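Shared between the two complexes below is chain A, which pairs with chain B and chain C, respectively.
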Partner chain A sequence: MNTTAQQLDTTAIAPAVYATITDAICREAEKALESGAVAAVVGWQAGRRQGTAMPAIVTTPADTDKLIFSPACVNNLALYLSKAKKEIRARGKIAIVVKGCDLKALVGLMGENQLKRADIHVIGVVCPGVRGTSEPLAKKCRECTVHTPEGADVTVGTLPELPHFTPAESEELARLEAMTPAERWSFWKEHFARCIRCYACRQVCPFCYCEQCLCDRNRPQAVETTPRPAGNMAWHIVRAMHLAGRCAGCAECERACPMDIPLNLLNRKMAKELKELYGHEAGFEVKEKGPLAEYRENDDQSFIK
Partner chain B sequence: MHVKPNHTFEPKIVAFVCTWCTYAGADLAGTARLQYPANTRVVKFPCTGRIDPVFILRAFQKGADGVLVSGCHPGDCHYMAGNFHARRRFAAFRALLDFIGVDLQRLQFSWVSAAEGGKWVEVATELTERVRALGPMREFKELEAQEQWSGAIDSPELQEAYEAVGNI
Partner chain C sequence: MSRIGVFVCHCGENISRTVDVERVAAEAARLPGVAYATDYKYMCSDPGQNLLKNAVTEHRLDGIVVAACSPRMHEKTFRNAAKSAGLNPFLCEMANIREHCSWVHEDRDEATAKASDIVAMMVARVKKDKRLVPITVPVTKRSLVIGGGIAGIQAALDIADAGHQVVLVEREPSIGGHMAQLSETFPTLDCSQCIMTPKMVDVANHPNITLHTYSEIEAVDGYIGNFQITVRKKARSVIEEKCTGCGVCSAKCPQKKIPNTFDKNLGTRPAIYVPFPQAVPNTPVIDRANCTWFKTGKCGVCQKVCGPGAINYEQEDQLIVEPVGAIVVATGFELYSITEKPKGSPIKGYGEFGHGTIPDVIDGLTFERLASASGPTGGKILRPSDGKEPKQVVFVQCVGSRAREKGISYCSKICCMYTAKHTMLYKHKIHDGQAYVFFMDARTPGKSYDEFWRRAVEEEEAVYIRGMVSRLYQKGDKVVVMGSDISVGVQVEIEADLVVLATAVQPRAGADTLAQKLGISYDSYHFYSEAHAKLKPVECATAGIYLAGACQGPKDIPDTVSQASAAAAKVMTLFAKDELEREPIVAKVNEKNCVACLYCKKVCPYGAVEEKEIRDRQGNLIRVVAYVNPGVCGGCGTCQASCPSKSVELDGYTDEQIMAMIEAL
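And then the complex of A and B:
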């Protein structure tokens, strides 16, 4: 962690920005529900404790005033539209409030035919950043390139001028890449050894929508399910591999991890690697196929004898 | 009196091969009586496209010191594009393993056609010799050993057990 990181409180930079966005979200949600265009709105509402937020599913225009947008709105709501949450989709057309990173996940789901663009109403939020688990600004927000979501049905808010942040996560990634393989191994071994296999990272990931997870199967067993070092290592490698080229970088896995394993470093590394190899990057444009689902005849094969 | 032989390290190589090209190539090497180290355990797959990275992990975890993945040359795939997909997947998987800290010298990918018995011998020999020089793959085995043995792989109790078996 960068200890000299700017002491930025996201609430301090733009409380008014968040308030106007909250208003706009409520208005849009009310409009959408009143006209009957959507059956429900997926957004955030205030949590029970001061300064927290949690996902909300609103179905009546009267309830829309409980929707909020604040620095605590970290949850990636795209999760609620994945196939794993069929009961929400069954209601009909759904409006969803998304930040830029969440919209990337939504676009990824569309690319994987999990979701049709026509079936959802996207309320994009211009997001100045959200809170991290232990720091005032989440690590992913320090190097966010998608403050303004593109391609939403409506986009609310305007971007205030943001200070320049040191990209903590990229720096950490560079530090790891500069290590010797043995040092990297011991870094990850230590982190993965703490894993308790709660699968929070999987449950919170919009891209982990398989009806049966490979890692839950035990006949034949591909990955050991007990929280032992060997199985943990295998689980995290499999997870990173399955998300390679798909991950939208919302870093929800890392946020949900009770053991503080830097999971997004793995995702970021794979995203970087696939961009270098195949020029693929998660964005706002729906792509028919991910980098590992397609091929070119002249792909690099210098590593193959 | 029985004298316990001095065991030297013999690498275990697991080869994941496709049935249409490399398996036939290895078969050709056999029928042509070409010699290559007997360290390779061949596992046959319908196509390299069927080989999941989990298999490679599993092989390392279960004691392989080196893994060879081999299939048809690009354009020769029995299923048209299986090896093209596998190529991308393995390029990504290599990057991931490297990032985790696995020595990539233990993992070899190759294209060996049904006619290339000689190349199969070459690839298998080269990997075996390289892994022999590197020594045993300890990383994954240490993970396997943890908790079962309440300690590192060189703990006295484990050493004792190894000596009793007379092999590692």
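And then the complex of A and C:
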């Protein structure tokens, strides 16, 4: 393990970098609102407690100076553009501040007919990394491949030189993959046993935009709703399967989970499978058909035994 | 509370041999909601159906489960019976306790328990069945025929004669197919072109036939009664309307050394050509790959000599959309080639026959061109290597066919007869020549077929040797044939002047690609599959698409023509109605829940899903949802499986019904 990296706080990486980005965001937001190109800007503002941040929706040029970018800007704001958030979409064209990982979610939403590229103005931030829930640097950031978002309307900030981080999550996944099925089963059983079915993971996911979740249906009931082992297992399998090939890896589910279930491990595993089987990586281009919605003669059939 | 009737069929002994039908009926009677249950020897018989009808009235039934065979067999029978008793036919379901139970099990107790479970599941499903009304869709009374060989020609003529419009699409520059390449035909030895060309002329002149030659199917959309076909009309470089077919362009073309594929590359042709003298249409086409103008930009002789100014080098492929109601697929066959096969191909080549490198080893179709009056030798049988008259000819049957070790296990059906014909044609032209035939066994079932073969053996003195050939090799100007005569158990070696191989009949290359466009199924060899081997031999499993000729399996001319007429009859049956009634088992979208992620649209194999805008009274867009066009929906349920929020469901197979069935287990 790289101990230096372990102890490194994100603010210590480059405090000035975040400040520069904050300035640039404010400038871009002000410009967009002043020119009337957009009706609102979705970004982050400082939280009430020192060193925290929270989502903000700014509608006047005067308010833009409250927008910030700091290691606390963890939220994936793409969530605020899904159709479920009607009050925001109804305003008209929206500008949105995104990190690379958040942009992947936006691209996915465009592919799923939830969003039109023409309806949004994307302010991309070059992100050196954000904080994790208990770690100084979020696990996803340790193996981030999209520090610089591609395809934004305007990109702010420059990437400082980053130290080499050990990919903690991939290592954990490799450990799981090396287990026997029985061991793996008990690993997940243990984690899912804690689940209280608060559905925070669902509410925070930009891809869980269904008007009515199938897990809330009771006629017929597909998934048991009380937090008991069978229903918990079913819920998490449904969640992982529904996100296969779509999840952009923002890891918001894991961050929002009050019971510390390592949900992004599942997401990462599904993404890995999709890449190995179909060469598909979610969130890099607007695709009309993902690999799971398409049938090809040469599709892998080896799972049929 | 439901009042379901359960009728358990013995199916003679088919079911009752393994399943205690009385016990199944007795157990069904105890199920909640079942008002009446009985068993009967033959439910599909008239008395059986009457039993059902009477029970509906007598017991005021509001749902029916017939526990019998597969719904593929008798669902229609019982739904009609239910309908005549005043019940909505879609409240009648079948529990398959024959194919799914009695035929596959031996233990009587276990089979009976399983049959009861199947019945209980279907009772649970029927309780949640909705009253459905059949969907009617209009029929476009216009047909597409793909392939202009004898199959396609016959089907097109029959449909056109019945008064319907036909679009005939042919890949080559002329219609005629393989039959136009043959010299004489068995078992009567009449000239192939003499009997075929009148039909070709009929096609050319028929007011109801639109002919697209040098064209291919680009895309197929729609469904029975309402297909949209996109035809790619390849650039001929000759304007058909202006061309008079005088032939000066071909005569003056300086590029004359192009192998003539119609003559199996024995002769040559110019770069602007008609494939054969009787071609329909008699309009030449420029072979752009070999034309000097297209290769170097210099020449232009044909354009200079063309009186009507019909040559257009700038012509481009045209895409034409043809609306049709039915499709006849008649794409024919090609012959197996003994050359080395590319890696990965399941069919192997014949290294022991020289992999096709010995010039005097030819296939049956090449022999036809040698024997044909319109062929490269003017009907003289001369061998390809040095143009000498062959005095000893060896014919080898079953090359590729019936050879599992080579990858093809089927019989090509026509080779026994055409080889017998070849020996005769040979004897008639070269009186002092000797024909030998290596054969496994002669398969000649057909009217006057065996007599024909006997004539070849007994009167025309072809020597038939029962056995296979192990090796062919060149020795001087001879081809040595090493084989065995298993009837006497000796090895045979013949020094032949010419060897003719009856190579296997295979589907056209690219048959699978076309099948995927059409959405029809094919077997491992890529022959197209009929819906039922015996009872639906010309229908595809995809409604509105029919098969004719060798694309479905090896066939001779009489069989091909019969099947083509049968396919035409099926098309006419379809066209006899103005509207088509379709089963209302279609998907419906719950617009309240749909978020229009359109996964359903992405996965729908029928293209039935559209976007629908929901607007308020002022016309403001409220939201977009998915919409399933019931006329196009094939009822497969793929959308239902893919919908993340379960907002689309198939009538008759709703999640509620499936869950109820599982719970009834």
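Just so we're on the same page, the second predicted complex is superposed on the first by the 298 of 305 C-alpha atoms of A that agree within 3 Å, B and C clash if a C-alpha of one lies under 4 Å from a C-alpha of the other, contacts with A are read in each partner's own complex, and residues count from 1 in each chain.
Note that in this section contacts are C-beta pairs under 8 Å (C-beta built on N, C-alpha and C of every residue); 3 or more make two chains touch, one makes a residue touch a chain.
Just so it is clear, the structure is predicted and the values come from calculations on it, not from any experiment.
Asker: By residue count, is chain A touched more by chain B or by chain C?
Answerer: After superposing on chain A, more of chain A is contacted by B.
Asker: Figure out whether A:174 sits in contact with chain B (first) or chain C (second), or with both, or with neither.
Answerer: After superposition on chain A, A:174 lies in contact with neither partner.
Asker: Counting only touches as set out at the top, which of chain B and chain C does A:196 meet: first, second, both, neither?
Answerer: Neither partner.
Asker: Quick one: is A:37 in contact with chain B, with chain C, with both, or with neither? Answer first, second, both or neither.
Answerer: Neither partner.
Asker: For A:299, select first, second, both or neither according to whether it touches chain B, chain C, the two together, or no partner.
Answerer: Only chain B is touched by A:299; chain C is not.
Asker: Considering only the touch criterion stated at the top, classify A:214 as touching first (chain B), second (chain C), both, or neither.
Answerer: A:214 contacts both chain B and chain C.
Asker: A:277 contacts which: chain B (first), chain C (second), both, neither?
Answerer: first
Asker: Output check: A:83 vs chain B and chain C. Expected answer is one of first, second, both, neither. What do you get?
Answerer: second
Asker: Looking at the overlay, what does A:62 touch: chain B (first), chain C (second), both, or neither?
Answerer: Once the two structures are laid over each other on A, A:62 reaches no partner at all.
Asker: In the overlay, answer first, second, both or neither for which of chain B and chain C A:222 touches.
Answerer: In the superposition, A:222 touches chain B and chain C alike.
Asker: Looking at chain A, which of its residues have contacts with both chain B and chain C?
Answerer: 214, 222, 293-295, 297
Asker: Quick one: which bits of chain A touch chain C in the complex? Just the residue numbers, please.
Answerer: Touching chain C from chain A are residues 83, 112-114, 209-214, 217, 219-222, 242, 288-290, 293-295, 297.
Asker: Give every residue of chain C touching chain A within the complex, in rising order.
Answerer: These residues of chain C touch chain A: 516, 592-599, 602-603, 605, 623-624, 642, 644-647, 655-656, 659-660.
Asker: Residues of chain A touching chain B in their complex?
Answerer: Per the touch definition, chain A meets chain B at residues 176-177, 181-189, 193, 214, 222-223, 228-230, 233-234, 237-238, 240-241, 244-245, 266, 269-270, 273-274, 277-278, 291-297, 299-301, 303-305.
Asker: Considering only the defined contacts, which chain B positions touch chain A in the complex?
Answerer: Interface residues on the chain B side: 52-54, 57-58, 61, 74-75, 81, 84-85, 87-103, 108-111, 123, 126, 139-140, 143-144, 146-147.
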